[in-house]
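A, B and C are the chain letters, set down in written order, and residue numbers restart from 1 in every chain.
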């Protein structure tokens, strides 16, 4: 499902001394099935932006279209929108409340008034997607599980709504490397399997570089940069000036390029760097 | 010379549930930390690193073995407050360790507990806030600060107690990259300029790279220990533990497998550039 | 509605009243409350109004701001008025159905409502001119002499401080959890009272759990910073009583003295 954001501005506490422009004339188009990385430091407006896509916040001005639904229009049924757009907040495990894992994941589908059998199927399916064993965990209390598992239960709770668009706000915050890799793998698996639209908010340039099709960089409520990771990470100076970085490996290649112009610096992962450096060394030896 | 922290044969057992199942969170751990050292402990959640940290502050006491802080045994109850003043502690969640509604009042909380006279507390609060670069926020409410700023307030609250050592239990886990950098820079400055011993617990390997010494924990045990170069040269072992290594270290490891002659202990971009250029 | 409540809010203007010793302010407020119940005639009320108005003027807090604070309490004041007007025995003025209204009732209802209005205005002025920290400090000091009879003065003050500290944090968290559940299709706004109350479970359970976790972590952090109760504790900001405090205290004492004299003689 596609998203079109046209000229969206959002002002917090309008007409008061605390008035702040959180979003300032935002224009974004996201195609169906795209995997988007949304980056920007705290306070850049990215959290405000993603809450707009789910109808939790209404823009002060501007238009947002999700699929063929103009969500900023009059008489929009927000319930319809929430079926389409799933939003995983930061530290989503803090929203768990039911006695069992099953019931918690079933909360969303229940609110959609689905039949018992449909709910059951969805709980099984979403638990499988986040690699939680249905039989052994369904009756467990979510509060007895480990931090990483709790987070996966919470994500399953959103997946069970079967959203066409999945938005995740820093899904790996606070997790250790193992937990982080598991979650990211599952998001990638999900995207590959269903070809749904995914928007991933993250601070980790390494993770973004590994996963996404396109990057949107926000700063001060505006879009600072957008484009393919290779293009965006070429602008390391500009990223640094707004408090962001580039993956260490991209930084390495940039420096090597300065030493020898024959090296191809558009590299995003260690694997790519390895191939390029081997090519470079071997070509030098041949010469 | 007397060790700042000496952990000797420490085992820690606790009951994990109502059925009385016993978990061994620490298994016969031995660690020495010298005065002025910067030690980073990395490991997964549940590896026992936080449990170890709480032992240094006498918040937990060993089931077996002993922990000495500047020669004081944490088992001696009468030393508890001296130990906590000597080895201050900063926790993970910035929101859950600030007590007062105004920044300077919070920094004063520790010294007030120690019974320091009012005039002296004022001096200490001002100095501590200056050290962490937060003096301009002294009369603000903590809820108006960012996560990184709150953590620096927490650090100021600890140094106002004039400790010899600070133990930080994943202080940056909930921060964004710029907050993380500010906190790490602050800790490094304390270590360098005030000669405060630092034990930093983290799962960000970036923070381990610049430490004097790195200790890797897994499942209640120490599995690797040494300088960052020694530890990160064990790429295969770290990866099997599911821990990160710097991307350039990883790249060097991969290139070595292809027969390229590179040293094992490359940690930074500049080192890698230099080594590769020599190969040419 | 929530933002209309001015009781408990702080309105800094830097006035002389703001700079007063919180202990003195609490004691004067106490005297003021007692005096409200001593007054029984018009002249008495004139003294009270004069006192309250001059205090408000010196404090530089806008009168409209204090009056706004009465809005959420209008119902309470209304109920007090009704109870007094219908429940007081005396000379009947007129009847409505089973209810009789007496002269004494009218008089009583009017003055009770007035008392309540003055009570709220006076106590709002205390909180508006005193930061929460100063207020808790003041309460702790005033309660200190009662420690011997088992009043946990320090603990009470500490509890208040922590509560004040966590109000913004918990409000933020409530907002976040609410949004997260709405995103999962929860409905907090429609339905009857029972279904609405039920609908709050997904909000309240996570909120409670996180509050307990916070309490646990905070307790540990406090212990790590050598907190061991109020014994031998010092304070960075010591309370100091100055000339203006003694002056204000004398004015307060004068007020109550005048009112007592007024009550006895007139």
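Note that in this section a contact is a pair of C-beta atoms (placed from the backbone, for glycine too) under 8 Å apart; a residue touches a chain by one contact, two chains touch by 3 or more.
Nothing here was measured: the structure is a model prediction, and the numbers come from that model.
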Pair exhibiting more inter-chain C-beta contacts, A-C or A-B: A-B
Most distant chain from chain A by Cα centroid: C
Averaged-CA centre spacing for the pair chain C and chain A, given as whole angstrom: 46
Between chain A and chain B, centroid-to-centroid distance (C-alpha), Å: 30
Complex interface listing, chain C residues touching chain B: 131-133, 161-162, 164-165, 168-169, 172, 213-214, 217-218, 220-228, 232-238
Residue ranges of chain B touching chain A (in the complex, touch as defined): 44-46, 146-147, 173-174, 176-179, 203, 242-244, 246-248, 250-251, 254-255, 258, 260, 269-270, 272-273, 276-277, 279-280
Contact set on chain A toward chain B in their complex: 41-43, 146-148, 173-179, 181, 203, 206, 243-245, 247-249, 251-252, 255-256, 259-260, 270-271, 273-274, 277-278, 281, 284
Residues on chain B engaged by chain C in the complex (per definition of touch): 57, 59, 81, 84-85, 88-89, 91, 93, 95-102, 104-105, 108-118, 121-122, 125, 141-143, 157-158, 161
Chain C to chain A touching residues, read off their complex: 173, 176-177, 179-187, 201-202, 205-206, 209-210
